[in-house]
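Both complexes below contain subunit A, partnered by subunit B and then by subunit C.
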Partner chain A sequence: MCQVEEDYNGLECKQEKIPVPTLNRKCMKCKEGTAVLIIRVSDAFCRSCFKEYFIHKFRAMLGKNRVIFPQEKVLLAVSGGAASCSMLAQVQEGLSRDAPKKLRFMPGIIYIDDGGACGRSSEERQRSVDQLKSIFTETGFPYFIVPLEQVFSLPTSVLVPGTSDPDSSNPSYKQAVDQYIKEKQKLTEEEAASAVAQLRIEESVCSPEHKLALERLFSSLNTLTAKEDMLQILRQHLILHIARENGYSKVMMGDSCSRLAVKLLSNIALGRGAALASDTGFSDPRYGDVVIVRPMRDYSSKEIAAYSRMFHVPSVFISGLDTKTHDKASIQRLTESFVTNLQADFPSTVSTIYRTSEKLHTVMPSQGQTTEPASKCLLCLCALDTNVDKASAFHATLVSEQLSQIKLQDTSHDARCCAEGQGCGTGGCCSSNRSPEHQDLKTLLCYSCRLTIKDMGAVDALPPYIITEAEKRQKRSRMRMEISEYLLEDED
Partner chain B sequence: MAAPLGLHLEFGGGAELLFDGVKNHHVTLPDQSDPWDMKQLLAWIRGNMLKERPELFMQGDTVRPGILVLINDADWELMGELEYQLQDQDNVVFISTLHGG
Partner chain C sequence: MPVQCSNCVQRRAVLKRPKTGHSLCKDCFFWAFEEEIHQTIVSAGLFNRGETVAIGASGGKDSTVLAHVMKVLNERYDYGLNLLLLSVDEGITGYRDDSLETVKRNQQQYELPLKIVSYEELYGWTMDAIVKQVGLKNNCTFCGVFRRQALDRGAMMLKVDKICTGHNADDVAETVLMNVLRGDIARLRRCTAISTASEGEGAIPRCKPLKYAYEKEIVLYAYFKKLDYFSTECIYSPNAYRGHARAFLKDLESIRPSSIIDVIHSGETLSVKDGVKMPVQGTCSRCGYISSQALCKSCVLLEGLNRGLPKLGIGKHHRLHGKILAQEPLTEQEEKKLKAVDF
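Moving on, here comes the complex of A and B:
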């Protein structure tokens, strides 16, 4: 301790990067093969060990979280990118094994063509769709190719969380597996025949009015952040609708660890902190009857990219809303570049964020409890976090918004609006551009969806199912207010 | 090396958008007295091949974080990253693991 110089010298030596002998490094697992890839910080794997590791992780993830029961219909949401195509490849691999440990569910594939929102031409879109179709037909699973424009013909039931099917027998996972194995021994041939018969290929064509309506919707959103958010919401609704219509009770999304870490941070920035557990956890039960599962959440994007390259997983790159945009174009983009750059210098960034997100547990809604749709956000279906009392941070933001708008408005407008009794409390109607519809829609939304809608120029550009459901809920709440004195209140 | 260096470059995961959408490139690097290393190759790519938005591919001397580089199907971290000396007919793959190209 007293010999400061000596200590400092030692420290200085350590500061220099000691070159680890990396050339011709041996695989750390089998100790024999030459390493081809470095995962995490310094784990080197050879080709075959890496493949084993990758496949094993997928099955371990499904096995650890026992949510997928045998013979269940599972929809795989494929975007064409490396992660979802690797997921598809893993599912194929898992289902094809002859060993008794093979995966046991019935997959279907869905691809949502969002080229209309991203501004891609119809030839480009057709080209990508054709490439994907050839990949999907290879797998032999039934697939759905749905253009985003179909959002304009969705029913309002999409916005109502369904009750999870109260299975009367409700077996535990182990019982279900045993039961399945017994039945399986009888049915193998019949199964093969019926599987081929079930191969339904669905492709929908979009009408030109819907195309225009979609363009109008996305051009009415001013910032890229809001556009990305809206795209995400509409995509979820569409997937949910297709899953419900075709009897799929689970949806698998291909979000990787890195992607989820970015999503976690950007959701906090967007104001979606209350729903973090369901947005980034393994299972997302908010829709009730359809559960969203994320089996790829343990893989970093490097592992996925390396696997797809080395083992020839076919994928199609489809440019999205934020392709080739600069770093500060949207909150999501900025967070992504922040996390990726940090990860380059501090390789444990993504895994730390991931591990933190694992600690956020989702609470499964207890069966039999019908939460009214009115207490869920209209768009994202998470619990409304805006019905809080006056001493909250949320109320403070409302007050400051109101104060900053009072300065701008005309005194003549002021008198008129207030006379109509519209309630200038939240400052919504007093600015000359704002229509009363904005104000009404806000009460049905959670904090971050409010921000997205606030960014919208014309609220009527929203798809009809959202508008009708919003009106219905508003009528209900007005009715409830009128008869409130006659209602017996539950005292919990 | 005195002989000209022929390389096979591939771009994937969206990186090809910066190179006119072409995924596979065969290039021949000009002669020079010192052997070519990855650092020089990257500078050469930036100067000769990159059509637009260099900041989406490179950051300073090295590739942008989020772009995976495989040399002959092996991670470049195992080969010395920027110091790796290129050999004739090497296969270098750049895969973008990010959203934005």
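Moving on, here comes the complex of A and C:
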């Protein structure tokens, strides 16, 4: 009743439509089997129809969007939770089918061990890793178990969006599939054997300095909201790096419909309106060469839980940053409890939010070889949304900041300091230099990443690749300012 | 230990700004608050010289502060505007009649002319009578739709060029959240605009000068300036859907005070895919008011009320619009569904 788009078909009231649940209801699909569960508001399914429905949805999602080409290497990001393990099970199921409509890509698995950021002990972490390893080896796919501490040894290329390979002839989806079917007839057994031999299993061990550095990073973030945001960013970077290094062009994330609805609302609260479609849509092309897809986005968490239970999908519960925290600990946690409670009273909440997200899109800056990476945010690699005109919320915040504080005379202060002849070195002038560093970093970030960094005590606790890239971009923009009058084209 | 004001550093700070967290003395706060509204007005180009502007006054804190600040800024920066107060009487006993007294006091305090329009004279129904027929849910729809038209009609009677309302940052943020929750993509796109589009005749543009002012700061301003306002909640409001969005926003603000502006920023920067169906602006065939359907919402609602079918305006019934226009009677089944639910 609170949906604007709701159409009263034939003016039927909701009250009269829902039949009272009885024990002997028949499945609404095959009308023969006894129903074992109810999905959505009142759709009853029997066991086999439910399994078919679940599997079909996954394949329909991939087939409808046509972004996964045959023979492509796809990395499955598994967190151990029910949704990503269901996704893993579906991929297994899809690849093992003998039917001609077999799924046709080459999967790998990645698990990011973020126990260091969440404060778990090494025994706990090892236990979860062992449990997951047993699940992964069952599948037979190559897997990577990467501790979050490895962020401290990432190269700066992670922050630069790659361009998709111009060498590939980039055929249309249909052509690619036809080509593959022709080639498949030439596959021999030897090829299959060598594919197994290529199984790369990578498990990295983290060094104690990295452990300390990670702890320092997360303790310098003052709010849980900022911590969760930073964790999400670092995780994405790590996955991106592993995907690029091992030739994976797609990454599959296991976000369910409910999770994405919560993400949409919390992103609005965090100020990420410009990037809503990339963050919650089916495909996220912001990294250029690696595309993130979300095939589980049509499944509600209830369906996933029911499937996992009924068909024994193995999963491992691993506690995160916001496990067992109270409702108002962070924005993300608050949104989750809000949506879940609202869903109880208004059962169409999650699906309405999901449909709203489908109608949005992200404005991409014009792609070209000369695109400066400086027009993208340093941390989240979305287009910067801070170039808005004067009559906007962002501008209003700047005005408020100015009006509430005494005007800082930066230039005269610096001049005074250096004039005192205290032997200030180049670039390491005086203690007031630390706040300009904070300031400079802000110009490279989008609105919401600014808020995350604002909650950070010591900016130098960030991993080295971020700091180096930031300095590089600042130098470039300073260079650009110097020669701006001589540049002919507008390098946007 | 007394904290010094972070702006002038001389006087002692008496309040902490909810928006930025800085501690300010009274005068610096007044100045910052008024200056921000001035910046909003100037950067968005809300008014032109010599225009007549009606201030939507309900007697509540937002409209009282708005009237005060508009008067102050009009004099201080010489906007050259002709200001007057416009008030709407919905006919809610115990709420609106009290707040109207406040508006009348405001009129004397600020020396601005006042006009009151009432639902009774415009539509023949008061909110009390409507709630008796409709029940306690969905009555905010009636009040809101009727009020918008009442404001426009009143403004047309007074021949003003613009209307300004006291919607503050919290209101706009709540609206963004509510539109996401309800899936209303058309409104989601429009709701963060600071002023409504002004094409077409019969549509007086409306603007929100207080769009970036926090509700808490408005209360602080009114408190320290000792402004007189009416502060009770509408007695019918507890069951509104907006209450959920409001509770959520209040919690967000307690976690991170800048969330309110962050939500507005998200609303401003999100973009809708091309090809999504959007309503087209036209006029109502019965009363001539702007509408995206054949009949405007208030005509549909009124028709429902007059025929004893209060659910006519709730939900989408395009097929029935034709019937209503042609004055055909509705079938038995349709009538049954449209009546209020009996308890």
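Assorted remarks:
The rule we apply is simple: the second predicted complex is superposed on the first by the 424 of 492 C-alpha atoms of A that agree within 3 Å, B and C clash if a C-alpha of one lies under 4 Å from a C-alpha of the other, contacts with A are read in each partner's own complex, and residues count from 1 in each chain.
Quick note on the criterion: a contact is a pair of C-beta atoms (placed from the backbone, for glycine too) under 8 Å apart; a residue touches a chain by one contact, two chains touch by 3 or more.
Because the structure is predicted, anything quoted here is derived from the model rather than measured.
After overlaying the two complexes on the shared chain, residue contacts for A:M481 are found with neither subunit B nor subunit C.
Looking at the shared chain after the overlay, A:T325 reaches subunit B, while subunit C stays out of its contact range. Once chain A of one complex is fitted onto chain A of the other, the partner contacts of A:G271 are limited to subunit C, with no touch recorded for subunit B. Of the two partner chains, subunit B is the only one touched by A:R309; subunit C is not.
If you count the residues of subunit A touched by subunit B and by subunit C, you find the higher number for C.
Of the two partner chains placed around the shared chain by superposition, neither subunit B nor subunit C is touched by A:V41.
Shared-chain residue A:A391: touches subunit C; no touch with subunit B. Contacts of A:R355 after superposition on the shared chain: subunit C is touched, whereas subunit B is not. Within the complex, the subunit A residues that touch subunit B are 22-23, 25, 34-38, 44, 82, 258, 301-302, 304-306, 309-310, 317, 319-320, 322-326, 333, 336, 340-341, 343-344.
For subunit C in complex with subunit A, the residues that touch the partner chain are 6-9, 17, 19-20, 22, 24, 28, 31-32, 35-36, 39-40, 43-45, 137-138, 176-177, 180-185, 187-188, 194, 212, 241, 244, 248, 251-252, 254-256, 258-259, 261-273, 276, 314-317, 333-334, 337-338. Within the complex formed with subunit C, the subunit A residues making contact are 1-8, 11-13, 223, 225, 264-265, 267-274, 276-277, 327-328, 330-331, 334-335, 338, 342, 349, 352-353, 355-356, 359-363, 385, 388-397, 399-401, 403-406, 447-448, 451. For subunit B in complex with subunit A, the touching residues are 12-14, 16-17, 53, 55-56, 65-66, 68, 70, 73-75, 77-80, 93, 95, 97-101.
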